[in-house]
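Heads up: the structure comes next, in structure tokens.
Letters A, B, C and D mark the chains in the order given here, with residues in each chain numbered from 1 onward.
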Amino acid sequence: MAELATDNLGTQGAARGGFGAWLLDPKRRGALLVTPAITILFVMNIFPLMWSFGLSFFNYKASSPRVPSFRGLSNYERVLTDDKTWERFQTTAVIVGSSVLLQLIVGFLLALMFAKAFPLRRIVLMLVLTPMMLSFVSVGVFFKLFYEPTFGIVSYVMNLFTTEKFVMLGSPAGAIAGIVIADAWMWSPFVMLLVLAGLVSVPKYLYEAAEIDRASSWRTFWTITFPYIKSLLLLAILFRTIETFKLFDIVYIITEGGPGSSTETIAVFLYRNAFQFFQTSRSAALAYIVLFIVIVLTNLYLYAVNRRAQEAN
Amino acid sequence: MKTRNVLSGLMGATVLAAGLGATPALSADITITMAAPDWPPTRFMKEHFDQTYQSPDGNNTTLDMDFIPWPSFYERVAASLTSGEQKYQMIVTDSQWLGAFVEGGYYLNLTDKIKEDPELQAIMQDLHPALVSAYSTYPHKTRAQLEAMGPAPAEGVNYYGFPQFPDTYVTFYREDIFCNEGEMAAFQAKYGTNLPCTYEDWQDTDWQKWGQIGEFFQRSAGEMLAGETLADDFYGIAYQAGKGYDFSTMAINAFIWQQGGDIWDESKMPDAQAEGVVNSDVAVAAFEEYLSYLQYMPPVAQTGQMDIFVIQDLYMQGKVGAIIDWVGLGEPVLDPSASTVSDKSAFGPAPGTRKADGSIDRTGNIGGQPFVLTTWNSDEVVNEALNVVKWWLSPDTQLAATANGGQSGLMSVMAMPEYNGLRPWNRAHVEMIDWQKDVWHIPEFFELLTQQQEEFDKAITGQISAKDALDAVAEFQQELLEDIGFIE
Amino acid sequence: MARKYREIGKAGWGYTAITSVVGFIYFFPVLWIILTAFKTRTDALAVPPKLFFTPTLENFTSVFFRASITTGTSQATDMGLYFFNSIFIAFTSVGLALIVGTLAAYAFSRYPLRGNDTYLFIILTTRMMPPIVVIIPIFLMFRLSGLAGSYWGIILLYTAFNIPFSIWLVKSFFDELNPEIEDAARMDGASERRVFFRFCIPQILAGLSATFVFGLILTWNEFLFALLLTGVETRTVPVAMARTLGGEVGVDYGLLAAIVTLFLVPIFFVTFLLQNQLLRGVTFGTVKK
Amino acid sequence: MTIELKKLTKRFGSLTAVDAIDLDVGDGEVLCLLGPSGCGKTTTLRMVAGLEYATEGDIYLQGARVNDLAPRDRNVAMSFQFYALYPSLSVAENLAFPLHADGLSRAEIEQRVKRISDTLQLDKILTRTPGQLAEGEKQRVAVGRSIIRDPQCFLFDEPLSRLDVQLREEMRGEIKEVLQDLSKPTVIVTHDQLEALTMADRIAVMRDGRIEQVDTPHNVFQSPENLFVAGFIGTPQMNLLPATLTGTNGHGTADFAIAGGQSMTIEVDPRIADLAQGANVTLGIRPRNLEISHDPAPDGISTKIDIVEPMGAETLAHLSDGQHDLRLVADWRVPLSEGDQVHTRFPPGATHVFTENEQVLRSAP
């Protein structure tokens, strides 16, 4: 009761009167609480984003001392009319699509497996969760080694079954598969966790009722399990799609975009433009096109989250 | 990081100078921060500096090396330079980066310093002209142009870098199988020519024989090799055919140059063309020859990933008889903990193209790295940095570097009688360095390189023909170079 | 008594055996990496691949010691420092993001502004940009502010990196709490601070720990920013790891594997301890029990 | 008899949830398992359904041992405490759900759904999903789903616990009616004695995994067999007064001393004679059986009225002798005022005597 209005969150309570009182007015409490987060975000994230957004309208090259001049939308025009951009988007779509699909399937099956309680589940679950904790670099390096035709264990095992030498990364399709497998291996556990969270949220009595009602496991799955996890699956798709869109290290290490340019994703293309070609402005324009796509995906994602929240209510 | 920056060093110098009054020689605390890839030749430089360096101006000088992992070296340096961080006083750089970072205003033009300083002039004149051309000049001057212009500093030439580690391609080969009598006889019987065993044999080895070696030693598990049964497949030859960075370009350029073809030659700007040169019939034939030997190489060749490290590993693990690789990757081959062939290896010059007169053209693309100074430093720091350059390029330091796995670019050092004996590949290296040329130095080199690597990779992995690849390269280069005004 | 059927949702040791096989297959690449850490280069590249070999600890020694080029004597590497840096930077920034994010999340949950959802969306958007693009301006800013190479710089950057997720997750936890309890506490004379710390926070502790683990996994292995924005003294393990990827030889598989193995230990245990919360955390708090 | 449990035991680790119970339920009989939470009643029900294993003992349905049968093979119907309606299905689909396993024709299913929905007045809500239903409607759907097919027995787990008082009364009647029509062995688990007393043919009172008494509602109330049942059944709770036997006079009349120095002579069950002098007993008497007078009497003790709570037709008074609290329910016309000193009388035959081992002392009827 002795604690009066000065006792607000985020302050040490001493300020009274003047600016202090103004600041601590309960009307501003929300704004005050948000301030530290927004400040950090602004300085570390939003400012650089605006900087590069501004750049996308100039002809700036980071390697050149020339004063950049304003070019309006010409960078966007150039990026959007470049055949390579569309090729890279196609490659990215194929890799993102197949990787996310594989993650969903594997993650989903793993989740079904771990939905039951069994002895040592905590330990066995850790075996499956570990890939997520590795760095992209080490996953890339070791999968590349696994695929290596002479030294790789994958090649060795495959060679036991074929007479032709197994050369995983020798064709565009094989290289895409190699990347997709590595990425999906690493991130399927993430999908698994999402789905598992959905599965464990299904009340057990529904399964008991279905058992008493003698429902087949197929019918049980579609009437009980699936409705509970479908929005989580959508969540998983969108979240993984957004993240896989940024996939860089694994591609760069395993294939460097090869053979030819068959695995060059947008992220690798962006890297080359920004960091190797020093097309700073053009790459900023490309990045904003990517961001636009990602924002569309994010909106879908939020829609999914909101729907999930509504269902839970 | 011993964070004593240049500024505080200078302030220390001022105070010290005031205290000493009339003493003519000013001594100062100077820290030179150097961006360096993390590997033995630079580690040696740092260690040896700490052990031996004495500033001739009496400065208290610290060489603060920022060791950056090789695979990330370019990103780190590029980000530092283009952001204006001004962190480094010296930078180890690939010769191709010269254009981009000179034009950016980051690398210091040393022409005037060289003009003023006889010691530096002596060093420049003692450096092998191929190295001066590749490592130091921008705009790029070829060795022939430099030699025509007279001793350094020549009028109209801008000088930037000095060799930190000059590197060339040489042949690493398995003495135990190449000098195996049974194999030698079989080879002789099959091809009517000798299997190269000695250094001199390799001096007479051209690409045709290289291909024969590849065909000859391609054996499956269970077959015999030099009297022993193979547990695993074995291959005769390997050279790099990797998509990464500049890997396949380095090897392919050698074929093109040796056969009389050319890449777009920036030293003849703006008259040099890409279209018609890059994809000339000669160049196409050279590239086709390069591709024709891939069938004799380990299966990783089909992936476009057979880079300098992959062939080194294949060689060290005893999967391949001979490889062409950088001298800089030689040390591990002799290390028994990394290599199964440490006691069976010998080195020779890389093969080349036999000319009409019977001699062999070994023109190759130079490797290795120069180091440069940066533009934002005070005279005092620049002068001390040049002292470090002189220390590094002194015969004693260069000999010590060579003994510890480095290489020298000084002709006087390379001519020393003990030089060839310091490391087993030195003789080949000295022979090869005379053949070196370099790829482009222009700021847009990375765009040229990336596109070219991509097309080469398509040809290497069998997606398109050599001609299609070079046509695509020529078209792209022509358009890009016309765009920026390098081709009129 | 023979049991001919299973209770729903439960399984016994037989099932453990099946899942262990699947888990083991899934874990195999990790196991291979760990085994590689105990191999010599020749064993690591042996054909056929070796499952059984004479283990060596040399790779682990090499993580912390290297031979001098000139004298051949053993010198300590800075790897110990890098491990400290990684742990210090990751835990501090994730913790900081959690604190700052929790305050903001509380505000977004309890004092919604007009356009609340829009703000939240913008905050999430900052996380979606490919990092390559913002590297140069961030680098520039770090140079201007003198943050480059300092602990504070990279910590603040990672904090910013983690704030969006922290806000989103923690907000959803706050949203699930019954605000009546807080009102009741206020009626009883509790100060705002007391309401927050004594009533709200304890109820979402599980959610906070899930957020923490989640942030940790995403931060632990970050490479690009660490490469460009840390100095020699503040370098993290993922950056130092890159030195094993090429130089005089190609990838030093054994050394890389040894570093990966050591680097896995802390996060593995944190994840293990907070596993149940993690299950909840990844759903962004949208699943109600 | 159609449900028969023999020495049925369930242990979770070291905890014994159900301890060797024997029970049988006849055809058409409704048996209520009644007890405080954690007494093992739900576990027992779930073992019958097959949702939990029996650790030991046997379960017979229609004479066949079903321990090793999965729930789906036991042909039982069960209604769950939280109704367990399938959230993604409409009411009609929920009702039809158990019929799919029987492979009935669509017309047959529709007809059955209609019949059930008529019986339970669900026809107006057939197209809704569970999320759109009120609690009482959910309850009816749950009951409907369990009775739509023809099982060997019905099991209800706390069927009314989530309803408010009024709905509960309504549903009690409805369910009772439905069960009478079905005429199948039925087990209802409840912690609410009123529910048990009104719906059950017999009640099994459970505590700590054991059955304390199985009997008709009347007998459980009137003739509790032990101290627990006596205390558990009846509202307000039975008065339980610790006392020492100081003398017996034959014909069931005995002298008791209670703490605080008072003593009384009352008429109890004749078997009191079996006890030795000085035996410690507990005297149990329902609040409605106590009487008061203003004059001292030997068959009672002297008390003071602490609190008076009018309950409409009756009045509840809390009495105290300084050592013990007694509850008394009297007709509303009896004048009671707080602070009055009164004599509390134990009429003949109204007092149960429980021995030191908590069992009642009662002659065979």
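Throughout what follows, a contact is a pair of C-beta atoms (placed from the backbone, for glycine too) under 8 Å apart; a residue touches a chain by one contact, two chains touch by 3 or more.
A quick note: this is a predicted structure, and the numbers were derived from the prediction, not measured.
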Larger contact count among A-D and A-C belongs to A-C
Top of the farthest list for subunit C, CA-centroid basis, is D
CA centroids of subunit A and subunit D: separation to the nearest Å works out as 57
Taking each chain's mean CA coordinate, subunit A and subunit C are separated, in whole Å, by 15
Here the gap between subunit B and subunit D, centre to centre from mean Cα coordinates and rounded to Å, is 93
Chain centres from averaged Cα atoms put subunit A and subunit B apart, in whole Å, by 39
Among all residues of subunit A, those touching at least two other chains are 62, 150-151, 208, 211, 275
Multi-partner residues in subunit C (2 or more other chains touched) are 8, 45-47, 135-136, 140, 241-242, 245, 251
Check: subunit D positions touching at least 2 other chains come out as 50-51, 70
In contact, pair by pair, are chains A-B, A-C, A-D, B-C, C-D
Residue set of subunit A touching subunit D in the complex reads 203, 205-206, 208-216, 219, 223-224, 227
Subunit C partner, complex, touching residues on subunit A are 1, 3, 7-10, 29-34, 36-38, 40-41, 43-49, 51-52, 62, 110, 113-122, 124-139, 141-143, 145-146, 150-153, 156, 185, 190, 193-194, 196-198, 200-201, 204, 207-208, 211, 232, 235, 242, 245-246, 248-249, 266-267, 270-271, 274-275, 280, 283-284, 287, 290-291, 294-295, 298, 302, 305, 308-309, 312
Per the touch rule, the subunit B residues reaching subunit A in their complex are 75, 78-79, 81-83, 100-101, 103-105, 232-233, 243-244, 298-300, 302-305, 310, 313-314, 317, 319, 443-444, 446-447, 450, 454-455, 457-458, 460-461, 463-464
Listed in rising order, subunit A residues that touch subunit B in their complex are 62-65, 144, 148-151, 165, 167-172, 175, 255-261, 264, 272, 275-278
Listed in rising order, subunit D residues that touch subunit A in their complex are 49-51, 70-72, 76-78, 80-82, 84, 86-89, 97-98, 100-101, 145
